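Encoded as structure tokens, here's the structure I'll be asking about.
Letters are used for the chains, namely A, B, C and D, taken in the order the chains are written, and counting of residues starts over at 1 for each.
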Amino acid sequence: MRIGILTAGGDCPGLNAVIRSVVHRAVTHYGDEVIGFEDGYAGLLDGRYRPLDLNAVSGILARGGTILGSSRLERDRFRAACENAPQLAKEIGFDALIPIGGEGTLTAAKMLSDAGLPVVGVPKTIDNDISSTDRTFGFDTAVGVATEAMDRLKTTAESHQRVMVVEVMGRHAGWIALESGMAGGAHGICLPERPFDPADLVALVEERFSRGKKFAVICVAEGAHPQDGTMNYGKGAIDQFGHERFQGIGTALAYELESRLGKEAKPVILGHVQRGGTPTAYDRVLATRFGWHAVEAAHRDEYGKMTALRGTDITMVPLAEAVTELKTVPKDRMDEAESVF
Amino acid sequence: MRIGILTAGGDCPGLNAVIRSVVHRAVTHYGDEVIGFEDGYAGLLDGRYRPLDLNAVSGILARGGTILGSSRLERDRFRAACENAPQLAKEIGFDALIPIGGEGTLTAAKMLSDAGLPVVGVPKTIDNDISSTDRTFGFDTAVGVATEAMDRLKTTAESHQRVMVVEVMGRHAGWIALESGMAGGAHGICLPERPFDPADLVALVEERFSRGKKFAVICVAEGAHPQDGTMNYGKGAIDQFGHERFQGIGTALAYELESRLGKEAKPVILGHVQRGGTPTAYDRVLATRFGWHAVEAAHRDEYGKMTALRGTDITMVPLAEAVTELKTVPKDRMDEAESVF
Amino acid sequence: MRIGILTAGGDCPGLNAVIRSVVHRAVTHYGDEVIGFEDGYAGLLDGRYRPLDLNAVSGILARGGTILGSSRLERDRFRAACENAPQLAKEIGFDALIPIGGEGTLTAAKMLSDAGLPVVGVPKTIDNDISSTDRTFGFDTAVGVATEAMDRLKTTAESHQRVMVVEVMGRHAGWIALESGMAGGAHGICLPERPFDPADLVALVEERFSRGKKFAVICVAEGAHPQDGTMNYGKGAIDQFGHERFQGIGTALAYELESRLGKEAKPVILGHVQRGGTPTAYDRVLATRFGWHAVEAAHRDEYGKMTALRGTDITMVPLAEAVTELKTVPKDRMDEAESVF
Amino acid sequence: MRIGILTAGGDCPGLNAVIRSVVHRAVTHYGDEVIGFEDGYAGLLDGRYRPLDLNAVSGILARGGTILGSSRLERDRFRAACENAPQLAKEIGFDALIPIGGEGTLTAAKMLSDAGLPVVGVPKTIDNDISSTDRTFGFDTAVGVATEAMDRLKTTAESHQRVMVVEVMGRHAGWIALESGMAGGAHGICLPERPFDPADLVALVEERFSRGKKFAVICVAEGAHPQDGTMNYGKGAIDQFGHERFQGIGTALAYELESRLGKEAKPVILGHVQRGGTPTAYDRVLATRFGWHAVEAAHRDEYGKMTALRGTDITMVPLAEAVTELKTVPKDRMDEAESVF
């Protein structure tokens, strides 16, 4: 069998672990050939690929990034190519395609699958917001990075008697904010799923200070937003060229709290540090298992599906099911978090 | 309501996070009182306890160990006390008991429950070998520590052209060896569940060296053992007093491989480093959720059960079910691991 | 002897290690009493202090922040108090004062010393910019945090084919940028000591991309600034209340590079994460040694000085010498760094 | 100019950073060629080398180990080759040799230098025991690993009410034990420089327990040894083949303490974990500076010397001076450490 593999979308710790696992299982167990397309779907459309043997994946398990590169999808070109997908596979010469990526990548994978290509998807997102799988690799690493930052910020917030507003990733779903906020002992968490009223945060911080506590840490997802009418938000910063630049909720909220509390409040925007670097052990194991099961699925001719974690098992779920809706933070998880503020 | 809490058995990162969570949920949400027994069941039997309010659990989320202390169970005294358990609760004055511990602790919890005490257990083991729950807190931290050690050992093994045998915890179940071996990229994994033949490891290492690789790392659970007749094992080391000291499988296996391969093989025994220190974000979140749900169960009068992770949910399972059999590594998990050696 | 101790100024990993060391040496070796003033000089002026015995400093070695609290100096009140310093010492009852702090704190210490108080200073700054000492504790931790962030950013910069501008601390001296930039493998470093021309950075990045490299990381000290006329800088961002907010050089430079390069450039502002949390081993050792030698100096009646690292030795240098000028990055250190861009 | 470089002796975090720095400075600034000999001096004698350009050293700054490999010196063959050293350089074609290594490597470097080869040494040892330089790279990383282990062990020692004996590296000099013991808050430190009496450790531990402390951590260098007649030490363990195996001081001391105290005492042998993996920021900076200055020295024809850290400067010291005597821990450093037990 000849298996093609590609990585698409944003960086995510664990991508290399999937690639390594696919190559090991396919080559050692089945005697397959594996080729890696460069820069995501672009490499597939351009026919840019290279063979991946055991040596090619040696030493990459613990490394962040992806040895195959990534790129954004050129939608129009991709759509055109879809019509001709099986022909493309024949020309390049591969029997199964394993695209590793997030919602966009998997939607594209579904289009290829619908067009007749034998596709097995592997879900990837640090945001943990893909339905049908309990967790995705990369998420644990992102939560770990954010938690360590909050551990560090707490001592400095305390010594300065300050409020810190830590903005973490999560545009549409607040999983990173929820779990790093819980693990980092934040005193307030703002999620995209639940518009917040800054007055509640003010009350919460004031209550803390009234108990003699000298600091507070608020963890806010980049996609969190205030309830209508509670706060002036959305006006960007003006850069040195006079252009308006998007000003994130972390910064806006820190200014709001500082103004209402009459107390220093500092934004800390963790940004891309959450996406890079060596994956945690958890993410390496999950990524390795996903790769293994993707190869198994290909050898069972189980196409049009993606790998998913359910409890402790890896199962296969239809791509259609995976991309229909975002997995957001349910109310009861937020209730748990609130109890330890 | 007045809730008693205790921690028993070996150290496990996350114990303090459970204590903190129980206190926060009980005090803030329900207006309960919480008391903490000192040194495990000993504190219960002796009536040694202290009140736990929000201040008492401030700043402990990220700390290893347990602020309540722990101790081994004095079985006979405990059995005698069981007969009188409800009376004990009445004298000390508590309405529910939340013992946090491993198999022994939960078995004791079941005895107290059978004797009429309102008990909600919280499972704890770095070994991840308790049935009925997908994972236990402490395990992720232990796997992380062992993985980081293997990351470091690989570069030094390579520069010295050596075989390293890394012994990790896991007396009866090989979960730590399995997951840290996978995450650390070990070239062989030995589990208690599957007696090994050193000849297989020799073959595996020789095959690596024949491919030009300059080192190998073998990850072995402390409870792993050779197949009958394949290796002389069990003879202890003699200490300076002439007493025989148990010599672990890691050391014995390193000597065996060195002798068979004619190549340096060094044992590294990670030991208690795996049990201590700050918990990972994953373990802090799981521990916090367990604490929260234990309080909820108490307020629902759902006794004789313990908290458990099933998929992404925390559920309650009967103590009886939890302690009947050990959760060991199934064959298909080992197959996955072997594919990336 | 009765020794007073206080911590003043911004947070700095290692403060607790100094406090612990002072108490251990003074109490165990000399049988001294130690008292800790709360919230910096404020506690001294208010007479707010508490006794510090071995138990009071147990378990704090590895903890960030300061158990004594800190605060900004109230200059006028302090100046007034200085006139009366020996009287203050007599009233409160202490024989020597050990203030731990940065330039402002040490200047204040010198004023107290000049007024007749027996003072031994301990220098503290994550910026490493105090003259007369080779290094200060806190600096190694800050550099470590910034380096780890750059390690992580590199993989994500590469996968996104982006320029990352990482702003680190250092208002007047660029030590953190220099060393974390070197250790993190930055491709450009901007220091307060050497105004930069963005055109040079543009050239450097374009040269990299022309060699097939897919990303670049620029490390910039918060106090770095462009050469006159090379870049429009200094216009703040407008917050949601219409107030102008200072916009740091990291953000401005990222916008500038993005505009000139026609390529995505993202700012990452590490901020207070660099100041908090557990100190590195290096900083714990240095802080412990400083504490030890401060007590020794007090017992030798060697006042008006501060502890300093010179090579591998701890020596005492006059406070006057320490606060006259800032230690900035010399040209040859910058030359070294540039060679590995 | 054509510069040869090699790495010899045991693994040490920072080797790759030196290699990278040499290549960057030599190639970019001077337009030199650099060749890397494989497996230490063996590659020099065999004429096994490869060209090192900027691409060859890309991405290795943060990686442990050495991309050039290492090996033990074959003394006889080396001695014979020395007679002919300038001829060897001519045949292979290089103008300067930069060997990076510890005492043995530098002694060999001196022999080559004496034989007329233009040599610039770079000192390397995690043990920090090379005279003439304040510190060596690798040491900070080793101390960091050992300190983190002690941080973790403390919580578990406390919960088990145990004595932990942590054996760290350092055969002839106790620097790692000294600094990791100080940083990790050990309650006793045993160095090769100062034979210990186990009775003193027993007294120290008993005093702790009498003050209500529940655990103790003793940090012992692998080369520490008891005073004559105070403890039966030196009897090895017997392996499964009946061969005597060296039993380290950590294990022997734990048994001794357990026997004398009547309290559980566990050995933890950190071993090679201290030698591998990613270097700390400190070590990356020092290694990079050493590489830079080695190239400068070669271009100044300053041969027969090695790079050295003195205060904050890198200077050149004669190889003769560097290898005459070991740098051991002086009494006053040990006095400092003892004060915080």
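Quick note on the criterion: contacts are C-beta pairs under 8 Å (C-beta built on N, C-alpha and C of every residue); 3 or more make two chains touch, one makes a residue touch a chain.
Worth saying up front: this structure is predicted, and the values here are computed from it rather than measured.
State the smallest step count from chain B to chain C, taking one step as a move to a touching chain.
Step count on the best path from chain B to chain C: 2.
Among all the other chains, which ones are in touch with both chain C and chain D?
Looking at chain D and chain C together, no chain touches each of them.
Same or different for chain A and chain B, when you check if over half of the residue numbers at their contact belong to both copies?
Chain A vs chain B: same; shared/all numbers exceeds half.
Report the chain whose CA-based centre is farthest from the CA-based centre of chain A.
D
With chain centres taken as the means of their Cα atoms, state the distance from chain A to chain C in Å.
34
Hey, how far is the Cα centre of chain A from the one of chain B, in Å?
A distance of 29 Å separates the two centres.
List the centre-to-centre spacing of chain A and chain D in whole Å, with centres computed as mean CA coordinates.
40
Specify, in ascending order, the residues of chain B that touch 2 or more different other chains.
In chain B, the residues touching two or more other chains are 151.
Dump the list of chain pairs that touch, please.
A-B, A-C, B-D, C-D
For a test of understanding, state which residues of chain D touch chain B in their complex under the given definition.
Residues 10-11, 13, 63-66, 69-71, 145, 148-149, 151-161, 164, 214, 231-233, 235, 237-241, 243, 245, 247, 251-252, 255-256, 259, 266, 268-269, 271-273, 275-277 of chain D touch chain B in their complex.
Looking at the complex, which residues from chain A come into contact with chain B?
20-21, 24-25, 28-29, 54, 61-62, 134-135, 140, 143-144, 146-147, 151, 179-180, 182-185, 211, 278, 280-282, 284-285, 288-289, 292, 310-312, 336, 339-341
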